[in-house]
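Taking it in order: structure first as structure tokens, then the write-up.
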Amino acid sequence: MTILKNRLFWPAVILVALLVVNMFTSNQFITVRDGHLFGTLPDILRGSAPLLLVALGMTLVIATGGIDLSVGSVMAISGAVACLLISDLGNQNSVGSVLLIIGVAIVVSLVLGLWNGALVAAVGIQPIIATLILMVAGRGVAQLITDGQIINVQSSPYATIATGFFLAMPVAFLIAVGAVVLTVLLTRRTALGLLLESVGGSPTASRLAGIRSRRITVMTYVVSGGLAGLAGLIYSANIKSADSISAGNLIELDAILAVVIGGTALIGGRFSIAGTVIGALLIQTLGVTVVAVGVPSKATLLFKAVIVVALCLSQSATFRQKVFGRIKPRPATAVRAEVPA
Amino acid sequence: MGEPSPVLEMTGIRKVFPGVVALDGVDFRLFPGEIHALMGENGAGKSTLIKVLTGVYDIDGGDITLGGAAVRFTGPLQSQKAGVSTVYQEVNLCTNLSVAENIFIGREPRRLGRIQWGLMRKRAAELLARLDLNLDVSASLDTYSLAIQQMVAIARAVDVSARVLILDEPTSSLDASEVEQLFKVMRRLKEEGVAILFVSHFLDQVYEVSDRLTVLRNGKLIGEYKTAELPQVQLVEKMIGKELAVLDDLENKAQRTRAKTAEAAPILSATGLGRTGAIAPFDLTINAGEVVGLAGLLGSGRTELARLLFGADRADSGTLQIDGKDVTLRSPQAAMKHGIAFSSENRRTEGILGELTVRENIILALQASRGWTRPIPRRKQDELVDKYIKALQIRPADPEREVRMLSGGNQQKVLLARWLITEPRLLIIDEPTRGIDVGAKAEIQKLVAELSDGGVAVLFVSAELEEVLRLSHKIEVLRDRRLVEELENTEGVDADRIMQTIASGATS
Amino acid sequence: MTTVDMTPATNKSNSPTNPRRRVYLPNTKYIPILATLTLLLIMYFTGVANYRNFGQPSVVVNLFRDNAVLLVVAVGMTFVIITGGIDLSVGAVISMTTTLTATLLAGGWPPLVVLPLVLLLGALLGAGMGAVIHFFKVEPFIATLAGLFLARGIALFINQNSIPIRDKLWKSLSEYRIVLADGVVTKVTSVTAVVVVLIAAAVLAWTRFGRNVYAVGGNADSALLMGLPVGRTKIAVYTLSGFCAALGGVLFSINSTSGWALQGQGLELDAIAACVIGGVLLTGGSGYVFGSLLGVMVYGLIQTIITFQGDLNAAWTRIIIGLLLFGFIVLQRVVTRRAK
Amino acid sequence: GSKDDSTGSGSGDGKIVLGFSQVGAESGWRTANTKSIQDSAKAAGIELKFADAQGKQENQITAIRSFITQKVDVIAFSPVVTSGWDAVLKEAKDAGIPVILTDRAVDSQDTSLYVTFLGSDFIEEGKKAGQWLVDQYKGKTGPVSIVELQGTTGAAPAIDRQKGFADTIAADPNLKIVKSQTGDFTRAQGKTVMETFLQSTPKIDVLYAHNDDMGLGAIEAIEAAGKKPGTDIKIITVDAVKDGMTALSEGKINYIVECSPLLGPQLMDVVKQVKSGGSPEKRILTKETTFTQEQAKTELPNRQY
């Protein structure tokens, strides 16, 4: 009964349902081949890594009542930077320098996040616009870096972060999981989570309770930037090239959707990382399912629409009440008359 | 008067919230032309009864008849249409709209569907004038203090010609004079045959206006009585279900004898501190173990003064010394570093965080001062929280309940607890007893007394002058947002004396 | 029916401004708009100073013609945002409208049937989303995102190709030139847009519905306790937004005598941005249609400058847009702060 | 308004001013196309007013109108969509500015609205791809299952390349498109979709991708699945960008239909011709060919994009 009430119950159900569908459509849902997991499920897990990372950062930003539209562009930039530097390497396979370059790309993304945070917290611009600036300009910068072309790299260590396997598990997914665990620890093992929710709940009250709202806000944007950067690296490593034009294009929408599906309200306050994870996996699985069951491209959006509608209705307690029978008696007709149409 | 048929009758009302039975088989009658007080401790179910009646919550059981017909409202809109006009607890207005709009929205004067702004402002101004308020009615409501906002809410409610008028703790932050204005209006309406339901924790007020009262305890009906026939003491017993020792024990300690603070160095001393448009430059010193009370009419600038000392607003003139060292308080954190705590009068927008649990709300300030990297161990949290839930009798005593689900008074207690666990050296409390029931109020007053005996300095702001007099060693009188006089709270200093100062505005 | 918490979490209407601004300054509420207007003018004259032919009146006139659609959509969006909501479906509704219009007209339906039909459809979709948001307490973001998928899905399903409109009425509408002065002509679309703006501004300022919109945005729970028709208002604004989007779609189909399922992609973001630039608070409760108008103008002017600059490739186009936006917003902030 | 003479904003020196409105920068192909036009304009001494429409028709219409306002000498543009240009083209015509279409056609009935259309024919490209496949399997029996990676749903190239291909392979009943899904013209999507194709389809013989990028993405997926692209699965793509050609020469792709972005030089010639009163024919097909693996090896060295 209580589990039915849980906001995450229905998203989880839909996720499982979609996975089951894939079980039937796919040749191998999950098997072990030459020493690592292979099949649809591993593909989904690996493919979901970038979205997971981005949505994770988005969760924190949204918890403070903000929003980060720039994630896609940050992905593009970090990917571009990494591939540009790697392609200049003498030996693209030297693990050391690749790691260094990855570090550089991440730092760049953190700085970009800092820029967002500064605009929001210090200058006091509404988040949606503050991050819109980087969303627009950032992709331009990425295109400058790659000169509008696609930069190819032949670096196996770099490719590993997306396509490699560790302990039979896809590395990309492990990275995402690691990030999730870290974030959970960061927010729930410290007081950060509480302060975040408080700032998101009411900036005024938080300020009067002596919380350094600005610092916290800035931090969330920095984290979001960093995670987006990481996502960008995985994205580009996955195709062994930097595609500054389509990297992370429109991912902000999916990320926000994942967060909201996960039960975090856009006005800020309470946030649920577990929810976000389910949300992200759900969206990724949905994408795969569409292809697997062979929905014609022209009908793809309708298909998604149906799922999302089902989702948002299933999440509404009121709707469930109305459908699965109400406990309370409907208001007496006496006043119904007084209710204006 | 004889007994005509009640205009409103509620029978066997039941309302269950997850985890609590807020109302359990409550009957309630309201007769035309009477003022009926609804009494009960914090969390007794008063507001819930009102919200159930007006359709904010739907009922789990029971019947409501209004003017003989069975009704069940689907929302305030419907109840209003049916002639039930309500001021809910807490100020429920849209602070982003102008004063005039807040009074008239939903029933603006129109010609051909076009709102007549001029006329609307004129009417609003007149209406407020009748309550002795002259405000700029086209200013947005958030430019006014909470008390003003409360008056506006009242103005809105009394203006509609209703059969039933419901006032849930309308006087919680009003000063004597405003209360008088309100009572005048209530009496007038009563003459006109309006049935008035009135909730207040001020017994004297209840005895002054109400003809009849109904007592609730823990969501159950205790009884309905004619006010004249029920002595205060008995009323209190019925409300809390036991005799209230603390109360009279505090009654007879009228003047507080100053604790051993003779040699105490001033914790805080302000010279010429001020903020243009908010409060004129003032001098003020607060010693350890001293209770300093702020007295003044509403809008006199008490809150503004308090906020300056906490760094909630920045002073733009004067200097502030803490422990003899010059400091400028740029932010609340800065003040908290010096051991200053400030509990705002506006608990709803500046105080509690509704979505967070009682526990989280209570530890918030302490946690903030420690910084996010040093979380308070859960065990420690639970200890502290339990301690204060007991000390302040927060009900329901469930630390994991979301604060917005608590009754108004209990929310206030949570807010106090938040600051008490920071163990401040200077505790600034603005209207700390707003909406708190007699028992708890006495407890809190006792607490303040104990704190000061323990060497904590307290800046005590309250609209209730008696309270200020009872607790303070020293009383600062404000008027028109300037500090006009400082009084040692010795023999001979009483309400009249202070009102006198306020009236004459003797500038020291 | 509706349960109201004792302390609503949605009471953040005034968080960006100092909620404790006790001293009342006359009409500080207009400062953002004035600031925006001033900066807009500055931007315009910089353009005039730097580019040949920028000073021509037609540049300004075309600003309205080229942004007519965005303008109409932004108007609807303004209402939604003031109630504290958001509508992501507008761009998709446009695409649906254009595709449907084109298909029906191609199918020989009489234009005077098609026009009201598509407008009604847009309004209905809006109403649907509004209902879901109000009755089922679904986040506007998800509800309208579903609306987006649905509308564009329908459009793509109807026809993926872009469909030409050969209908006489549409053609004549799109070619009809309204001469303002010699050499300065405008089109039906821009006039429609301006009319819509004026009507909307009036509604927002002078009607009960308009004021309820502000109240709901200021604090929905208080509004409910004040006995305002919160539900009706919410549904109404989404209906309105849906209608405006559909109207935008019609203007679109007139402007480019064609329909296409990918039309108006990302327009929702432009509209939201325009509103916010124009000083509408996403947290709800404050903003003006006129502000959104200015926001759209800023957007349009930036585009114009880009085209007049004329030597920017994709990358630089984006960067310059970003920079201009940045400069504008920051200045706007600074000016507004100073003034207050 | 400034009373400029016919040379319009042409800064006095009679230099030709060309207003060009580009679709956007949705792919490497497009950027190459943009570069080519900008470079060759410089080379030809033509002042280029370039506007990037970011994939939006409204922006493009705006740009063209602004060109009219700026009184450029010639307008050229690659339409985002085929329909809906009559009005703005008419304005250009009224302003006496000749218009040249590049790379994509418009469906205006009144062909006098533009001087010429210079560019490739997407349907033709689809046909070429299909034809090669038909030839490959001529005489062979047994079903051939084909998967298709479409371009962005609703985009002209996607629709036409699908149509041309489908029409042609209809000739051989053995050739069947078993799965077809959009890959948005991008590598990443191409890879993801191909992964799922591989997982959800019993047997894939042929992959037809609407552009090289999607094909290259798909190759990654195929290799990851332990198959050999080009042998286990035959791959046909369109565009012939450098990366594509490399893969082709390495035998990972079997056949590429060229769709050249290097319209610049040709365009400038036409512009000059138009400006000097000449009238080029209504349809100028860009010199485009197709590449097999062998041809690729020889061609690869002199690919500059």
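Lettered A, B, C and D in written order, each chain numbered from 1.
FYI, a residue touches a chain if its C-beta (ideal position, glycine included) is under 8 Å from a C-beta of that chain, and two chains touch if they have at least 3 such contacts.
This is a predicted model, so every value here is computed, not measured.
The interface holding more C-beta pairs in contact, when A-D is weighed against C-D, is C-D. The chain with its CA mean position farthest from that of chain C is B. Chain B and chain D have Cα centroids separated by 71 Å.
Work out the mean CA point of chain C and of chain D, and you get 34 Å between them. A separation of 44 Å divides the Cα centre of chain A from that of chain B.
Counting partner chains per residue, chain A shows two or more touched chains at residues 143, 148, 201-202, 204, 269, 297-298, 300, 331.
The set of chain B residues that touch two or more partner chains comprises 55, 58, 74, 312, 349-350, 352, 354-355.
Counting partner chains per residue, chain D has residues 25, 31, 34, 153 touching two or more of them. By the contact rule set out at the top, the touching chain pairs are A-B, A-C, A-D, B-C, C-D. Taken in their complex, chain C has these residues touching chain D: 52-53, 55-59, 62, 65-66, 69, 102, 156, 160-166, 171, 174-175, 183, 252, 255-266, 303-304, 306-308, 310-315, 317-318. Residue ranges of chain C in contact with chain A, taken from their complex: 1, 9-12, 15-16, 19, 84, 132, 135-139, 141-143, 145-146, 149-150, 152-154, 156-157, 160, 229, 269, 272-273, 276-277, 281-283, 313-323, 325-326, 329-330, 333. Across the complex, chain C is touched by residues 47, 51, 55-58, 74-77, 79-80, 86, 88-90, 92-97, 101-102, 105-106, 108, 110, 113-115, 136, 139-140, 142-145, 156, 276-278, 304, 307, 312-313, 348-350, 352, 354-355, 403-408, 411 of chain B. Across the complex, chain C meets chain B through its residues 1-9, 11, 13-14, 19-24, 29, 206-208, 211-212, 214-215, 217-219, 221-229, 285-286.
Within the complex formed with chain A, the residues of chain B that make contact are 55, 58, 60, 69-74, 78, 81-82, 310, 312, 331-333, 335-336, 342, 344, 349-356, 360, 363-365, 367-376, 418.
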